[in-house]
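Each structure below appears as structure tokens.
Look at the two complexes coming up: chain A is in both, with chain B in one and chain C in the other.
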Partner chain A sequence: MDPDNGVTTLDRAENGGTTSLRSSLGQRWATAFLLAPPLLWFLVLYVSSLVVMLITSLWSVNSFTQTIDHHVTGSNFQQIAMGTYPSIIGRTVLLAALVTVIDAVVAFPFAYLMARIATQRAQRFLLAAILLPLWASYLAKIFAWVSILEKGGALDWSFRHLGLPSPNLGFTNGAVLITFCYIWLPYMIVPLFGALERIPSSLLDASSDLGAGSWWTLRHVILPLALPGLVAGSIFTFSLTLGDYVTPLLVGGSNSTLIGNAIYDNLITGGNLPLAAALSAVPIVIMVVYLLIAKRLGAFNAL
Partner chain B sequence: MRRRLARGGLWLWVGIVLAFLFGPIIVIVLFSFDKVNIETLPIRHWTLSWYSVAWHDEQVRQAFVLSIKAACAATLLALILGSLAAFGVHRARFFGRDTISLLLVLPIALPGIITGVALNSTFQWAGIDLSIWTIIIGHTTFCIVVVYNNVIARLRRTSGTLFEASSDLGASTAQTFRFITLPLIATALVSGGLLAFALSFDEVIVTTFTAGAQNTLPIWIFGAIRLGQQLPEVNVVVTGVVVLMFIPIMIAARLTGRDTIAPRSRQQVLN
Partner chain C sequence: MFRTTHRHGPRRAAIALVALSTMSLGMTLVGSDAGASGSLTPPTQGMKPQTSIGKGEGQLKLIAWEGYAQPQWVKPFESATGCQVSTKYAGSSGEMVSLMANGGGGQYDLVSASGDADLRLIYGGDVKPVNMKLIPSWKELRPFLQSPDFNTINGVHYGVSLQFGPNDLLYSTKTFKTAPTSWAVIYSKKYAGKITIPDNPIQIADAALYLETDKPSLGITDPYELTQTQFTAAVNLLKAQKPLIKKYWDLASQEINLFATGTTVVGAAWPYQTSQLKADHIAVDDTIPSQGATGWADSWLLAANAPDPNCAYDWMKWITTPQVQAEQAVSYGETPDNSLACPLMNRISAGSCVALHANEPDAYFNSIKFWKTPLSTCDNGKNDCIPYSEWTNAWTQITG
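Coming up: the complex of A and B.
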């Protein structure tokens, strides 16, 4: 968060006396004119689309005519509650949680060194080094893992040369897990780095002056202060995994269907938009619950 | 001693993570020069022939042109709407500003597939045919926040006294904007625009649901990997995309420092 917390000199001036000469009504109109186009875009195209989607989820596809039947029914949600869908949803949430935890564990020491140990030059280098994998094309990263993990791929080759048995990871849930961890890792490192960097050194000095060991300081001073960054990163890793269908489709096997795949299949191949819309409500609910828990933990207060 | 050991361990960890992050990218770049059309190590024959094949592939060319067109249009719209939103929220002194920030970040805080299905539902309901325009609408929606974050971060760091001085010295609102505001936010605009362009150019999750029969480059890549066809060509194309995306990212990073480049901006909004 910016140190000035959004209260800038300009704002203060406007609240104070400087602008009282100008009509404050005119100021308000000007603000409204500025905000109107982006707000209209979002309300007309995004928010109302979400509403249309949720209404669509209450419709159904007429099995004879293959057209959308506009009678309200809960049948899509009944369908989601039965059959394979609960296990697909469970698998997705479990995978998203695993990816989040693994990325947090891998990212923390990296971000810590970057923020608190590296010299300025090393820090600049590491930040630049993280930009390439962060912004390298999403599909390029997935394709890289397809060719690394497939039979006879780079991983098999390295294992063979080390005299180890083939890991046979290609097109399994393990492959999906590794690929997700890889793609989202930079999204965890960057916010974590931001949070760790903002911890005042005086707090760490105080902790050790008062006799705390490094572990105690880590557990009771650094971790709580890094929590906001951890939560921000986890929103990425969790949310991005929750809605992804490309990764499981390209690196996963027959057992790797996630919510995203169920939505994709129903809409693109199955032509069942209402069911796809109903399935889309699931990640929304999960993310809202996730954000509420994060808020409860006080993760946003300290940002 | 223990301290030195801990530091050594951390540096080792950083080295391993960097190798993990860069290894796969190096692998695809190397394989793009492999003569054999099955990706196996070691690479015995090096060639540029797949580059030539990809360059002359009409499908790839059309997809590339569509991606560039859509990304340019989405970037332009995002620049206009995102900076308007930033100016508005920056001036606004009312409780709704947090709500507006949250609204703008929603398309990237929620999984992208939601945006895709929501827009698809609306287009079907309204009877709008999928085309380049529907792609642009989807891309603009999630690109606005990138521009917004860049511009508002700059506005917050800029001292308001400059604007006051300008108007005290008799400049009109238009003059202040032209000679004070615009130069101050210019690099933030350029960097926001470049990031928006990169985001749009690479997008596949939302695009699948908003594109008609035409392929954008990511959709072509997705389809080709899925069918397992033309993989050497895919290798060349994704290498090209990585290189092409990296240029605007590096320029953007140079222009604004690290603040605006990273997902950290999301925290600012969730606050």
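Coming up: the complex of A and C.
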């Protein structure tokens, strides 16, 4: 069996699959052999667990013994549509959107500097500086923000010494927003950097040769070309915020319950797996809609 | 001194993090069909407990709160009995119940359940009767903890009481020159933004306990047995309290931090927080207000299908002895059930007996209403009480 042929067949199959008809039986076996492990992984571990979760969301739980009642019911989704759940969902989506916008605004000039202005050495240094915090424990970073934002913390201290009133950010939704923006920022910068770096200099030169000012070039040349990177980054910041429950737990206040916390409460405290599963379906639906929009904006063209 | 950082559950984010991330596909698929609820007779009530302790099986599998199986008393147990202990730590009462319901079919021997989980395990058929004659130190336990209604039904024991503690009122002595005498302070606008209470549905009972004397017309007699009207009143009190809350704490360490930085000045807590804060010279103290307090009381319950029953009995014998009771109380920062533990505690850590209320008169213990699972069946024989699942739903509605 010739592995090279197998790969070729794969490539052709991917590019429309029309030319692979001539492949021999052996090549087909090679294709199947190569595709099997990732497909198996995808179907068994990934898709099936999602399907199980969605099926679970249609069950209910015996409120007393916490055993699962396997009769199909829509009661979990009814429950989500009522009471505080809509406001929890709304708060989560709003927060995720804010984090995404703020990270995009902060990341753009930084990524631009890295991609187009910095020397190669500086670029490498900046990239390492961006990626370095990702190696630190996520919990340690959150606790660092707790100590920065809490009463008497670093922020409070600085404000006091500058003669300013205390910002009083500890254990508020503002603290949650700041922490999220910090933690997910690298996930915005890196794809944006990739997109900006790929813009050919000739296009920018052409733009200015034709008399466009830098603002015009930015708006009509750079931004449209960077959009796929921006959208790709926003998928990270948006979905990561949507699913997180540790940050609000640790830095949030009494009004910081997000979807993740509601899932956690129902699962761990309440022992209500079906309701937790139904709640988990909410971010999935939101992300599917988000990804469809992202696809229309061309976020995946560059992949 | 008292080393552990945090207690039950919803409160234990870091541990729960691991729990959540390792939650397996298997757990999703398995739905045990154990026991019907609502019936007044525990399904295992008829099972005859063993009458003697045979040779140990060589192993013992526990579900426990973190800190409940420390090498300090596990190692000597292992060498004395030959039972090798393996422990699965649970993050919350709910997790304990689901571990027992889904894995109780022979995987575990004992669970260190709290009062809010006990009845769910007993009526769920997950635990079985225990013969107290085989546990000598049982007679040394404080009388009210020998057959408490959270682990003993119709005179049948499903486990042995372990340790307990009150959910008391923690306050800053800078703000309060004298100890507050009423829980009203945590519902008062005067301390808006400087109040913290635990993030736990059972907190509804604390509100009910307050209403018991504040609104006698509601006729609350037991904070865990609430009719719809009483329940709604407690929930409304907590909803009105929400804008005053700085944070619903999940970890004891969070509350310690909130008081250490002066972010909050009053809140519901455990003696553990007080002792930690005082050790750091923070100006705080705790008290049990005139209305009394809720409290937790843990028991080791015997799994219905325990694979190692002899080792399980050996463990219950061991864990209730005065010395081990004293060790656990000091290590964890809670009150031992064994009445002989006090002098031994002072030997481990001077002053710990008084600090952890191990020598208080009965009046102190009577002022604590211990956690028990809210059921739909009330003592009045009617079926109109609000069950625990409604409590968790209501809690989400309050804090959401």
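Please note the rule applied: the second predicted complex is superposed on the first by the 274 of 303 C-alpha atoms of A that agree within 3 Å, B and C clash if a C-alpha of one lies under 4 Å from a C-alpha of the other, contacts with A are read in each partner's own complex, and residues count from 1 in each chain.
FYI, contacts are C-beta pairs under 8 Å (C-beta built on N, C-alpha and C of every residue); 3 or more make two chains touch, one makes a residue touch a chain.
It should be emphasised that the depicted structure is a prediction, and the values quoted were computed from it without experimental measurement.
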Which superposed partner A:253 touches (first chain B, second chain C, both, neither): second
First (chain B), second (chain C), both or neither touched by A:297: neither
Which of chain B and chain C A:88 touches, first, second, both or neither: second
A:203 touches, of chain B and chain C: first, second, both or neither? neither
Partner with the higher number of touched chain A residues, chain C or chain B: B
Partner chain(s) touched by A:53 [first = chain B, second = chain C, both, neither]: both
First, second, both or neither for A:105, with chain B first and chain C second: neither
Touching partner for A:289 - first (chain B), second (chain C), both, neither: neither
Partner chain(s) touched by A:273 [first = chain B, second = chain C, both, neither]: both
Which superposed partner A:262 touches (first chain B, second chain C, both, neither): second
Overlap of chain C and chain B interfaces on chain A (superposed complexes): 48-49, 52-53, 56, 68, 139, 146, 150, 152-153, 246, 249-250, 264, 267-268, 273, 277
Chain B residues within the chain A interface of the complex: 6-7, 10-11, 13-14, 17-18, 20-22, 24-25, 27-28, 31, 38-42, 80-82, 84-85, 87-93, 100, 103-104, 106-107, 109-115, 117-122, 124-125, 137, 140-141, 144, 148, 153, 155-161, 163-164, 198, 202, 204-205, 208-209, 218, 221-222, 225-226, 234-235, 238-239, 241-242, 245-246, 249-250, 253, 258, 261-264, 266-268, 270-271
Chain B partner contacts - residues on chain A that touch it in the complex: 1-2, 4, 6, 8-15, 18, 27, 30-32, 34-35, 37-39, 41-42, 45-50, 52-53, 56, 68, 106, 109-110, 112-114, 117, 126-148, 150, 152-154, 157-158, 182, 185-187, 190-191, 194, 214, 228-229, 232-233, 235-236, 239-240, 242-246, 249-250, 260, 263-264, 267-268, 273, 276-277, 280, 283-284, 287, 291, 300, 303
Chain C residues touching chain A - in the complex, by the definition given at the top: 9-10, 13-14, 16-17, 19-20, 23, 25, 28-29, 31-38, 91-95, 97-98, 101, 120, 123-126, 200-201, 242, 245-248, 250, 254, 257-258, 261-263, 375-376, 387-390, 392-393, 395-397, 399-400
Touching residues (chain side chain A, partner chain C) in the complex: 48-49, 52-53, 56, 59, 61-70, 79, 83-85, 87-88, 139, 146, 150-153, 170-171, 246, 249-250, 252-255, 257, 262, 264-273, 277
